[in-house]
Amino acid sequence: MIEFRDIEKSYGDHLVLHELNFSVAKGDRVTLIGPSGSGKTTILRLVMTLEEATDGYIFIDGQPLTHEERGGKRVARSKKDQKDIRKRIGMVFQQFNLFPNMSVLENIIEAPVHVLGQSKAEATTRAMELLEKVGLADKAEQHPTSLSGGQQQRVAIARALALDPEILLLDEVTSALDPEIVGEVLGILRNIAETTDITMLIVTHEMQFARDVSNRVLMFDGGKIVEEAPPSVMFSDPKHQRTKDFLHAVLGDAEGTIGTH
Amino acid sequence: MIEFRDIEKSYGDHLVLHELNFSVAKGDRVTLIGPSGSGKTTILRLVMTLEEATDGYIFIDGQPLTHEERGGKRVARSKKDQKDIRKRIGMVFQQFNLFPNMSVLENIIEAPVHVLGQSKAEATTRAMELLEKVGLADKAEQHPTSLSGGQQQRVAIARALALDPEILLLDEVTSALDPEIVGEVLGILRNIAETTDITMLIVTHEMQFARDVSNRVLMFDGGKIVEEAPPSVMFSDPKHQRTKDFLHAVLGDAEGTIGTH
Amino acid sequence: GGTTTTESEGGSAAAPAGEGKLQALKDKGSITVAIAGEAPYSYEENGEATGATIALAKKIFGDMGIAEVNTVLVDWNGLIPGLTAGRSDAVSAGMSILPDRCANADFADPEIMYTTTLMVQKGNPKGLTDLDSVKAKIDAGEKIKLAVLAGGIEAGYAKALDLDVQSVPDAQTGMDTVDNGRADAFAMTAISLNFMAEQNPDANVETTDAFVQEIDGVPQIGAGSTVFAQGDDELREAYNEGLAKITESEESYLEVVGEYGFTAENLPPKDLTTEELCKGAPAK
Amino acid sequence: MISITTALDWNWDTTWDVLPTLLSTFLKVTLLVTVLSTLIAALLGLVIAMTLRLAPKPIAVTVKWIANFIRMTPIVVQLLFAYYAFLSLDGITIGILIFGIHYSTYMSEVYRAGIDAVPQGQWEATTALSMSTRRTWTAVIIPQALRATIPALGNYAVSMFKDTPFLLVIGVVEMVNAGLIFGGNTYRYIEPLTLVGIIFLLASYPTSLLIGRLEKRLAFNT
Amino acid sequence: MDEKLAALVEAMPRLLDGISVTVQLTVLGGLAAFALSVALGLAATHPSKAARIPARIIIEFFRGTSLVVQLFWLFYVMPLLGVDMHPLVVGVLALGLNYGAYGAEVVRGSINSVATGQWEATTALSMGSFQRMRRVIFPQAWALMIPSLNNLLIHLMKGTAIVSFITIADFTYHLDQLKRVTDTVFSYGVIGLLSYFVIALILTFIMNALERRAKRRLGQGITLKSVLSPAPATATPGGGA
């Protein structure tokens, strides 16, 4: 369970998230949509502790993430405590961010061996299973830079899963990929969603995917949630004008919809 | 009129375009579609003389572009001749490529003043008209880096138009933009297509736009044209299996089509 | 005793300064002397230290019962800091006894008298004889370029005469400068320049007759000596005793330093004292 | 501090004696040479970088190896060589020229990196706009490449600063050697050399602060 | 000319000794400088001020004062304060401190230019700060810093010429001796320039080989041409005696 309580985030004078309150239940698949700059990425980065909230608290299974209230004051948790809780969260980035100084396999076993303290053999067995799952078992010894974008992103997904996270954060994981390859990656994520109960927080512009995978869609604008609904409702019957405009812009005119061949 | 005659292009051993023959009539709007790496960008780059064909000839209004046949031999034209003909062609890039060391206005008047030899006043008047047209008259004095991606791309379009080109090349001009902003830029291009008779060669993944604007679609694969048809035919009734697969991958399943709200 | 070169030894080569140092050196049987590599005073030839002041040091320390004289070759500007830092026991480089210097290091009794000379191109095309002649020609509108050793005594003379000079980092460069025509004359001590002219017969240079420069009517005769660290009085006095035996007569003096081109002219007069030179009184 | 000055036998009279000499040689030689040579290095470096890029291959290769040779050999030796090869020029002129030339070979590398860092798209845009080669360089490439090179230029100026003592070999006495000569005349070295270090520090630290700020500002803007 | 060659042949054993001293100083000084560059460079990028501030002071101090002054203090003044070191140790230490301070800036710059995404990925994998540096960031920064470190190493090699100031008979010292029996142009201009150039070329080839290896590990190709080129792939904003 992830809980945002009164979260505020600003960069300098610029308020990016504004008194945000929402929670994500265990096993939930939540998609965040909304226009550019609305704060979607920022939310994932807060959960991954890549950024610190300016105010408010985030709880993971009831435990405070970076800050807690002690004696009426907001104090930072110890680095060690933060690290322990961070281990339960995985993230996949738009730009993959594989380590170019390691082979595909080394990328995947790095954290299991050096963070979780697994033996190399044990980690390798698990890594090969994951590579199998993303269809890249034959690329284990290769160098990430020799792979195509779609393949790199599949390795990045395997790497995040190798830590057996309870929560998986996905930030526009297909937007750096060629349109024709996007499908492969989304297929793998769909498979993960179907076969595991990992809590997923997904930022995407692929409305199709949002509809297929998530059980809840949050529409953001200007650092606030403007609408929240199951995808079936959100895409067919949005309430807010802002959501309507956004979906209209992203999906095109209803009458112009292609693919009705 | 643009004519490709027996064009071959290879990088080292890698043959990218293979005996390409096609022509684009004056005022035509041609869209190039096809999977990544099929050679679409290469075609535009050949016309813009950013690359040289390995073999074959390109003619603009019957005049050879970079090479001509003389005494049965393929010889390069003089730099001056190439330059003269190049002035009639404009290009807009995926990454905008505005000059960051110049203001928006300076970007636009650069070529008119220093290439066409217009006076600064004359060029400025025309530039302001163009900025008006793309809805950015108030940004003339700003720095390109202070603009959003969509705004930058609109400036880039104005810059290309400032040379009054007979041919306009557009290479995925919206794929570096946020989905919500894509519409603005496409709207402007649509407007140009409607109000001018500039010959347009367009590489795009926006099938909607291809359908709206172009009168001809070329489907590329592996450096060859696999199918050629008006958009109405191409999108609703593709002949080739390759085209069908491609459109399926890019547009998604027919039954999953979103936007039927 | 032999002479060995110990270029790369640490400061530990020297004995601790002060009381009892003389005895310590005698017990050890060796002393470390710093040199700057300037011919014909103290320099290295084929890796061996040699020269007039080295000969003096060997003789005097040898007689004192210090059989071995080790040398350490130092940049000119490292001689005194090295002595102060205890990296050497004495400096044997024919250093001039000057009032400013006396306040910061202790000189032994005078060992060498200096006269000045000019090195000019062969045939002395500009007809120069001494610094006064240089000044006279310049005042007469002729273009004469004079080179001096950066920081040398002659630089001081030239300054007193208000002459524009060109500094050179070492004697060799001074000679090259004249040889190449970059300068018309190079002023330095007669001993050095004569020795160098002799060693380089192919160079297009010769030396004028030695002269004693007068500044404000006062003849400037320089005298050089060995330098000891402040506080090493016992050692210095023992050295002075040994030195006195050599400077006693022309014969005994030339017997030691004659082979390095020294003449009777270089023998310090008996009544000239370091104390006097330190006060700035002109040498007679 | 007091105990150290006592241990070192620090002499304040000497300090005041030598300071004017050090400051005047600093201004008249060290700073003069640094400023003029920096200008030469900045201009000549650009010329070299552009030659490497634009000139026909044989010329470019020749220039490249000459520049490599100059960059990889000690400046002292170059000073000496020029001093005896060009008898009509005086020491300080040769010093300024040689420092300028020596550092121009470093600057050319900086410019080269700066030019390489101009995105390919900028070059393509100039072709798409039919801009002339000259206009491409003067209006687009150089202005963009230059921003990245200013911090490096500052760093090289600071480094040149500290190479100036080599000028002695060609008869030019700058601050460090003025300090050493003072030491040779009086046998007091600690004061002049410590002051030299302090003056260097006072001159180079603000420069390096300035460079740091410049670096941040330029990075933000482009 | 014959006489000069004869003098050269005669001086050859000592010149070779000198070259060996110069190479020793370059290699040992280079290693000391490298160790210091890494230590100071890492400290200067450390999030904690307690590490950053002392590192900055040391860097600015040793970059800001000059090598001559540092040599003088270490060799002639430290003994007065009770610290007495062998000249070679002083030479290596001074070269290490001076060029290490410059190198620290290179290390800091390279570490900072490793893509932010790489840092973020290490956080997303819960890696500790030491592990992150050792296994991900430094190996990537290493490839970036080699060309600049090479420039500095050449600077350092040229800087060894100053150590004759502290009674070390390096190559320049013996060139100076050769000058006495020949002349300046022959000794410095011909023998000196060529020898230093050859040493610099050898150093550069070694560093280029290191760079090629580092880049291959990162999956970046490097052409044969750039390997053979003596010019560093990127320029150092810094360096100097």
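The letters A, B, C, D and E name the chains in turn, as written, and every chain counts its residues from 1.
The criterion applied here is as follows: contacts are C-beta pairs under 8 Å (C-beta built on N, C-alpha and C of every residue); 3 or more make two chains touch, one makes a residue touch a chain.
Which chain is which protein? Per UniProt: A, B = Amino acid ABC transporter ATP-binding protein; D, E = Amino acid ABC transporter permease.
Here the structure is a predicted model, which means the values were calculated and not measured.
Colleague: Could you run down the chains that neighbour chain B and chain D together?
Modeller: Touching chain B as well as chain D, we find no chain at all.
Colleague: Under the touch criterion given at the top, what is the topological distance in steps from chain B to chain C?
Modeller: Tracing touching chains, the least step count from chain B to chain C comes to 2.
Colleague: Farthest from chain E in C-alpha centre terms, which chain would that be?
Modeller: Centroid comparison gives B as the farthest chain from chain E.
Colleague: Calculate how many whole Å lie between the centre of chain D and the centre of chain E, each centre taken as the average of the chain's C-alpha atoms.
Modeller: Those two chain centres are 18 Å apart.
Colleague: Using mean C-alpha positions as chain centres, tell me how far chain A is from chain C in Å, no decimals.
Modeller: 82
Colleague: Centre to centre, by mean C-alpha position, how many angstrom separate chain C and chain D?
Modeller: That gives a centre separation of 37 Å.
Colleague: Determine the centre-to-centre distance between chain B and chain E, using the mean Cα coordinates as centres, and give it in whole Å.
Modeller: 51
Colleague: Can you pull out the residues of chain A that are in contact with at least two other chains?
Modeller: None at all.
Colleague: Would you please write down the residue numbers of chain E that are in contact with two or more other chains?
Modeller: 72, 76-77, 80, 184, in rising order.
Colleague: At least two partner chains per residue is the criterion; list those residues in chain C.
Modeller: 77, 81, 173, 176
Colleague: Could you list each pair of chains that touch, in label order?
Modeller: A-B, A-E, B-D, C-D, C-E, D-E
Colleague: Okay, in this complex, where on chain B does chain A touch?
Modeller: My answer: residues 35-36, 178-183, 205, 207-208, 211-212, 235-237, 246-247, 249-254, 256-261.
Colleague: Show me the residue ranges of chain D that touch chain E in the complex, using the header's touch definition.
Modeller: Chain D residues touching chain E: 4, 7-8, 64, 67-69, 71-78, 80-81, 84-85, 106, 109-110, 112-113, 151-152, 155-156, 158-163, 165, 176, 189-190, 193-194, 196-198, 200-201, 204-205, 208.
Colleague: Per the contact definition, I'd like the list of chain E residues that touch chain A in the complex.
Modeller: Contacts found on chain E: 115, 117-118, 120-121, 123-128, 131, 135-136, 139-140, 217-220.
Colleague: Per the contact definition, I'd like the list of chain E residues that touch chain C in the complex.
Modeller: Listed in rising order, the residues of chain E that touch chain C are 3, 14, 72, 75-80, 84-88, 164-169, 176-177, 179-180, 183-184.
Colleague: Using the touch rule from the top, collect the residues of chain D that touch chain C in their complex.
Modeller: 83-84, 87, 91, 168-169, 171-173, 177, 180-181, 183-190
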